[in-house]
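This is the structure I have questions about; it appears just below.
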Amino acid sequence: METNDIKHDEFVINVGPQHPSTHGVLRLELWLDGEEIIDSKPHLGYIHRGIEKMSEALGYKQFIYLTSRMDYLSAHINNQACSLAIEKGLQIEAPARAQVIRVLMAELTRLASHQLWWGALGLDLGAVSPFFYAFREREMILEIFEETCGSRLTMNYITPGGVVNDLHPDFVRKVKVLIEQLKGNLHEYYQLLTGNVIFQARTRGVGILSAEDAVSLGCTGPVARASGVKCDVRKLHPYDGYDKVEFKEVLNDKGDNFARYWLRIEEMKQSIYIIEQLIDNIPEGSYREKLKGIVKLPAGEYYQRVETARGELGVYLVSDGKKEPYRVRFRTPNFSNLNALRPMMKGAKIGDMVSMMATLDLIIPDIDR
Amino acid sequence: MTKEELKSYLEKTFPGMTQEENIDFLVLWVEKDEIFEVARKLKEDEATRFDFLFDETAIDWQTHFEMVYHMTSTTYRHDLEIKVKLEDRDHAELPSMEPLWKAAEMYENEIYDLFGIRFSGHPHLRRIFMSNEWKGYPLRKDYQDDDVISL
Amino acid sequence: MDVNKNTEPFPGEIYEDETGNTNFLVSSIDKLSNWARSNSLWPLTFGTSCCAIEMMSAASAKYDWSRFGFEVARATPRQADLIIVAGTITKKMAPVLKRLYNQMPEPKYVIAMGACTITGGPFFYNSYTVVKGVDNIIPVDVYIPGCPPRPEALLEGMMKLQEKIRHSRAYVIDKPKKEENDD
Amino acid sequence: MQLSISLLEITRAIDSWLNSVFHPHLAYGIELVLAGVAVILLVVAMAILMVYAERKLAGFMQLRLGPMRVGKWGTMQAVADVMKLLLKECLTPTNSDKLMFRVAPFVVTIVSFMTLVPIAFAKGIQLWDINIGVFYITAVSSLSVIGILMAGWSSNNKYSLLGAMRSGAQIVSYELSGGLALIVVVMMSGTLSISGIVQAQADGWWIIKGHIPVIIAFVTFVITSTAELNRAPFDLAEAESELTAGYHTEYSGMQFAMFFLSEYTNMFVLSMVAATVFLGGWMPFHIAGLDGLNHFMDYIPGIVWFFGKTFFILFLIVWFRWTFPRLRIDQLLKLEWKYLLPVSIINVLFAAFIALMGWYL
């Protein structure tokens, strides 16, 4: 780029709000020199729904449903974060059975989310078939969710004090079938994308994010872990009995697209491992601690961090003792992960932009809230 | 450092600043004019090394604003919450944290957009969520909008 | 309930022939063009939030909307016949949606998928940005309730749209006034 | 005895009848129109068939069924699509270069039909047995890039322009290796005419008797033709996830359908060329010396052989599309200039040596 004698003609294009690679309604302004990206600037707010403001008008138990619509691929985990924050304020803890159910649901959510990401990544890189293979197992997970929670995507199943209702009697069997099938099918993932020459050429060494940048930009989740930053909330600040299960925090130090890709695939294996440990050991007992209809939190502030499929979600509740929260703030993982796009994109090609956005795994409603 | 160690260390380093403890974090109350220097110290000090700003937000207490910074250290893994009180609601202004933590750029854009707090030294302060013509700052408690239907 | 036995005209029929006289040739062409149009609905890839995921599910192997010929999702509005508004529309997005709609060539159809697009859904109360119903912006042919609707519901909605197209009269419409030519 | 010969007799009968009724010049004109219409109809019919086949194949590769509802097994799906596109409004953007915008699809379509001229569908079924057939095809097919550039430039859309530029770079680059791959067979057959090349394979297809150079040339040719067709994994010109629809972003209705049609026509032509040059065209499978087998193979009509081979190559191209991710533009050019072109040049030398020594079977 340092060719001062050549006059570069800048060429500005708008990617989005309606563009297949933005996975939603993100708008990126790109300054191009031919195929090369000089600079980029995100424009947000096309799906800003004011969830934080809306939550201030709803009761503590009520506003949780809005969080399912935030990062809709980690709906369970979002609900879990809010429930934990409220439980923290009420100084109660969910019963053991509820905790295990929550962890199981959270890990299944993570699996489903990563599968969707995997399919969409293929789609973005021009390989259509992985999408259909990814949805094969994803649909099984959604079926399991539907049986227990009654919904496929926005469940509102985890509630302060536990979970809304008990597991479906078929839950354990179906999860076991799922795990068996998933383990057998992971080699197809390898054949379709991981081992593909073109795929490797498109991802290796592309979109490098250094560890310093990742920390400074506030990246969390798989994006930061692929750069070698330890940030798994499940390990650092265990919640809901994550300290009782065994799993590995997957790390990679390359920080490129392939590292992020590999990391998510490995994370899926870890999730399967967690589910395997818990599925036969769901404790008996009550699944929910009965709370009063209207919950009031003592005045003060409560911060709960959880690990969603995309990184650290922070729920910051400020209470003034009334039945509605005074201020609700969601520190969403995608909002900070989006920051990584600009340093990564400098000097990259348009084709790389697509793969970078895909490996960052952005969910736009989670950014805009 | 544990919470207690951090507490005594902060008392030593920043004498005179109020400290509080809530259920999650140690809270350090900082004056508006000192915030940038304190933050720089906390980030660059070898003993604290707060290199990860994981949240930055504001609270509208109707009489004043409260800026909240949540930070952690990727080396020591201790967390800290810094609070700043902003008395002047109409002309609230703070130094930007962008030179220290690049993550702050977007957080401050958001706070500017939804609360109307300005940040001096911010590279490009803009309304990221709302359109430029939008009147008012939605997350303020006195925000009025005729389109909003209340439950 | 036998759905196929339903012989009543589709309630959404809007193009009435006032004279009642239909010429054999025109009605045959009508039939043919309606057959082609109803069986080849290419949706625009347009999703804003959660409903877009269920739209993707409808494309996946389990629900497989390619059976009906819907799988040719076009990324450009110029080549799409149908816009499935999947997800909340905010005030900032509304002009974009309107523009996308204007960019589509006639005949074009709109499906409002999910509660958010019908009324604002879960964001009806207290939200300061959400448009309370996408029909405030563009005309809607079929509404699909749900939050989000199941993929089956989307397929059912698209089949309802097919039914609507089959009952329309392509060559007796008084052409709607041309909107501002937006490119 | 053979269907191909009977087809030849039919064309001869029509020819003599026309000559007996009309003035020879008029008869010639009528024949030209008839042949043109026949070929266009054939190609459109095959394009529709191919669209259906591709969607079905894609379905089976992706664990689903593909079109099912329109007609039995969805057979009428592509027909419905074409009808719908015909009846759709054709928009011209306000700020576009209107003349160029409207002409571009015609350029692309006409060029793709022109490449059909020297193709031998069966023995004697050929529009024009031009003596430089292979050269004609390579020359004409590279003209389509002009139409694509026109489309991209006149649309006044940055995505279109980017797509057209990509397409230009791509087609111009890949022409080279494609041409060199054909030269290998041309040298071995000693002729540029399509019928001559087919005749040269009477005792065995080039891919079998041509040793390694022809196999390398065949692989190169399939890769380059996929690239020239702008199909995945080389579909950068219309990369859906990057450029929405590339050079035809602004095209709607029938104008878009013409781009679509020309893509499929080009796909046919290049598959037909590959089938003719490397797999013997309408020539049945013969092994020198085994007369029994050769006679048995002769019973299968030439046109069946020809289309069988064409569809085999088409299947390969479809298979690529639904399997591979897309390349990036620099990788695409690197593949051509750093790998395919040197390999092709060395291969031509190697083939020339083999052709001189007469070492092929």
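The chains carry the letters A, B, C and D, assigned in the order they are written, with residues numbered from 1 in each.
Criterion: contacts are C-beta pairs under 8 Å (C-beta built on N, C-alpha and C of every residue); 3 or more make two chains touch, one makes a residue touch a chain.
Bear in mind that the values here come from a model prediction, so they are computed numbers and not experimental data.
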I want to compare two interfaces, A-C and A-D. Which one has more contacting C-beta pairs? A-C
Farthest chain from chain C, going by the mean of C-alpha atoms per chain? B
Which chain lies at the heart of the structure, taking centres as C-alpha averages? A
Whole-Å separation of chain centres (CA-atom averages), chain A against chain C: 31
Rounded to the nearest Å, the gap separating the Cα centres of chain A and chain D is 45
Determine the centre-to-centre distance between chain B and chain D, using the mean Cα coordinates as centres, and give it in whole Å. 64
Just the number, please: Cα centre separation of chain C and chain D in whole Å. 37
Multi-chain contacts in chain D, i.e. residues touching at least two other chains, fall at 62-64, 240-241, 244
Residue list for chain A, restricted to those that touch at least two other chains: 19-20, 45, 48, 50, 53, 57-58, 131-132, 136
Multi-chain contacts only, two chains or more: what residues does chain C have there? 60-61, 75, 92, 125-129
Quick one: do these chains touch in a line, a ring, a star, all-to-all (complete), or other? other
Those chain pairs meeting the touch criterion are A-B, A-C, A-D, B-C, C-D
Give every residue of chain B touching chain C within the complex, in rising order. 129-131, 138, 143, 145, 147-151
What does chain C use to touch chain A in their complex? 44-50, 52-54, 56-57, 59-62, 75, 77, 87-88, 90, 92-93, 96, 100, 122-123, 125-130, 147-148, 150
Using the touch rule from the top, collect the residues of chain D that touch chain C in their complex. 55, 59, 62-70, 74, 76-77, 79-81, 83-85, 87-91, 93-96, 240-241, 244-245, 248-253, 256
Given the complex, residues on chain A that touch chain D span 11, 13, 19-21, 35, 122-129, 131-133, 136, 192-193, 196, 198-199, 201-202, 349-354
Can you check the complex and tell me which residues of chain B touch chain A? 22-25, 51-55, 57, 59-60, 68, 70, 74, 77, 81, 101-103, 105-106, 110, 114, 127-131, 138-139, 143, 150-151
